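Both complexes below contain chain A, partnered by chain B and then by chain C.
Then we have the complex of A and B:
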């Protein structure tokens, strides 16, 4: 889901930077206000955690592997605003040091994975889990459903961003300048692979990690957001 | 395991950044700004010739920076440009991009037509992606990573982000070590492929355990910060010093950008 440089035109890249700047500023303000001073390293831990989560190869049927994004998991553990900062930091490091995800596409990548993904996932989790006890199965199911739906929403957005490039940037001769496929191809391709494969990986990982944390140290599910 | 080893080798290796090459001698702030200009040029250009010229410039910079060209090509082409090449292939045919036919052939009873706008669009797309990835990789391997993260201050990134970035970078190294050791321990005990359901549980357990261990580390890290003078507001040291050659390099980069975009 990481959009590399060259897939989105300058208009889309610029638009998402403009959208993300106030979100980053607000996230910074809210986190500074709500996070206790001694929890500051938690942001870095969350960022490193979401970076490393993407490196875990999760086996899927058929002998192959996929990886989770972990955005919903970090949002459940740290809250959505702190998750926004943590995932942004992870995406910036990936783009600058790893070449994964473009520098010009950081705004779009952060909108999809550091804003929409954790916020959608967090609120879906909140609605489904409601006020159930920290160690209830309902929270495990809520985490899985939230991981699946939120990842698919983010994937659909990414597909939409790819798909509009051929409308926005084309020469008179019909030559595509950026991502060459329209919405009729990009949207089903992105939704299809995430609905069939990666969404399930995200759901399984999010649910199982919450289940293990419930068993080992249930306080962690609410502590990080305190 | 392979991913983790690749991550350690590529992200945490400052081997090339320590060499005495041309790009290594440029102030990281000036280097980052100039490379950002080149990436923006690659983004804005509609000409394959400009994209190719930028790629040539990048390869020339690789050579004068004492970087092994084979290593650089391997590092940049795997995975994004090759993936983009595969994505671009269907777009060169008339079914995706209609237009003036260049080549047509029959395969398995189906008629395939490669069109001029399709081929031009596909080539521009792949070169644009390759140029951008190449400049980012060149920036990353010729700059000490900690310095590169500090450069973000130039772009007025808030202190909190810069501090979290610096800490996160160190944590990633620690986490990768923990995960690598855990996988090694699991492999040495299991000794064979496990069923995918078991594998999923193992991966999830690893993540949960990683979170548990690192969360509990938080307080120790905070105490370490306090003992080093942290008072609630992060302080970022700015010990970069610009020299005349940095200004010359930046001026050259701006001129090259303007020429590439036909502004002058």
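Then we have the complex of A and C:
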């Protein structure tokens, strides 16, 4: 889901940087008010977890690969704004140091994976878990469902961003300048593979860790706030 | 043992296992992620390299491209796995340092 350099045109790249700057500013402002000093190590672990879980490329035999993001888990434990900052740091380091995701696409990749994904996941989790007890299975299921749906929403957005490029930028001869596949290919490809395979990875990882935290330190589960 | 300690141990295990993210796709003959093809792959897929893509693709020279050391690309899975683990250690290390710094800047000293 890491859009490389050259797949999005300058308009899209610029647009998402412009959208993300106020989101990052707001995230800092809100996290400044809500984050406790004792939560900082957990935030660092969350960012590191997201970084490393994205390295676990899961294969579709004979096809493509994909991975979980771990962002819904961070959002449940620390709130979506803190998750936004944590995943942003992971994505920026992946782009700059490892060329995983383009430098021009940092705005778009952060919008998909560090903003929409944790927020969608957080609110889906909130709605499903509602006021259920901290140690309930309902919270484990809510975490899994939130992980699955949020990763798919992020994948659909990514597919949309890929898909509009051939419509936005063309040579006089009709060749695409950036991602050559239109919405009719990009959307079903991105949604299909995430709905079939990678979404389940996010679901299982999120649910398992929440289950583990319930046993180890249930207090953590109620501290994430929007 | 504190929960944080257990989570760090879990993270360490993930780092050690990370080469699975390299080995499994190789084993099951899975190609690149959708939309993350190199310029040559793109040529094979659609018959041409989009001009803008060709220009922008080489814009940034990452020091450890694709979690592999430059020149190690053809050295086989064991070496690539080692590079993958070292990349994971470096990436996780830098992520932890940066997030801790940002977190300390943002979080109040007193516990609220």
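Criterion: the second predicted complex is superposed on the first by the 202 of 226 C-alpha atoms of A that agree within 3 Å, B and C clash if a C-alpha of one lies under 4 Å from a C-alpha of the other, contacts with A are read in each partner's own complex, and residues count from 1 in each chain.
We adopt the following convention: contacts are C-beta pairs under 8 Å (C-beta built on N, C-alpha and C of every residue); 3 or more make two chains touch, one makes a residue touch a chain.
Small disclaimer: the values here were computed from a predicted structure and weren't measured.
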### Task
Pick one for A:171: touches chain B only (first), chain C only (second), both, or neither.
both
### Query
For A:96, is the partner it touches chain B (first), chain C (second), both, or none of the two (neither)?
both
### Message
Looking at A:1 after the superposition, I want to know if it touches chain B, chain C, both of them or none. Which is it: first, second, both, neither?
### Response
second
### Message
Per the contact definition in the header, classify A:193: touching chain B only (first), chain C only (second), both, or neither.
### Response
second
### Touching partner for A:45 - first (chain B), second (chain C), both, neither
both
### Message
One more residue to check, A:154. First (chain B), second (chain C), both or neither?
### Response
neither
### Task
Using the touch definition from the top, say if A:84 reaches chain B (first), chain C (second), both or neither.
neither
### Task
Considering only touches as defined above, state whether A:28 meets chain B (first), chain C (second), both or neither.
both
### Query
On chain A, what residues does chain B touch that chain C touches as well?
4-7, 9, 28, 31-32, 37-45, 47-49, 51-53, 55-61, 63, 85-86, 89-90, 93, 95-100, 102-104, 171, 175-181, 213, 216-217, 220
#### Entry: Sites on chain A touched by chain B in the complex
4-7, 9-10, 13, 24-25, 28, 31-32, 37-45, 47-49, 51-53, 55-61, 63, 70, 73, 77, 85-86, 88-90, 92-93, 95-100, 102-104, 171, 173-181, 185, 204-205, 208-209, 211-213, 216-217, 220, 223-224
## Note on the structure
As the complex stands, chain A meets chain C at residues 1-7, 9, 28, 31-32, 35-45, 47-49, 51-53, 55-67, 85-86, 89-90, 93-100, 102-104, 158, 162, 169, 171, 175-181, 186, 189-190, 193, 213, 216-217, 220
### Query
Quick one: in the complex, what on chain C touches chain A?
3-4, 6-8, 11, 14-15, 17-18, 20-22, 24-25, 27-36, 39, 42, 46, 48, 50-67, 84, 87-88, 90-92, 94-96, 98-100, 102-104, 106-112
### Query
Can you list the residues on chain B that touch chain A in the complex?
3-4, 7, 10-11, 36, 39-40, 42-44, 46, 76, 80, 84, 87-88, 91, 96-100, 116-118, 120-122, 124-125, 128-129, 131-133, 136-137, 139-140, 145, 148-149, 152, 158, 160-161, 163-165, 167-172, 174-176, 179, 194, 196, 199-201, 203-212, 214-215, 217-219, 221-222, 225, 232
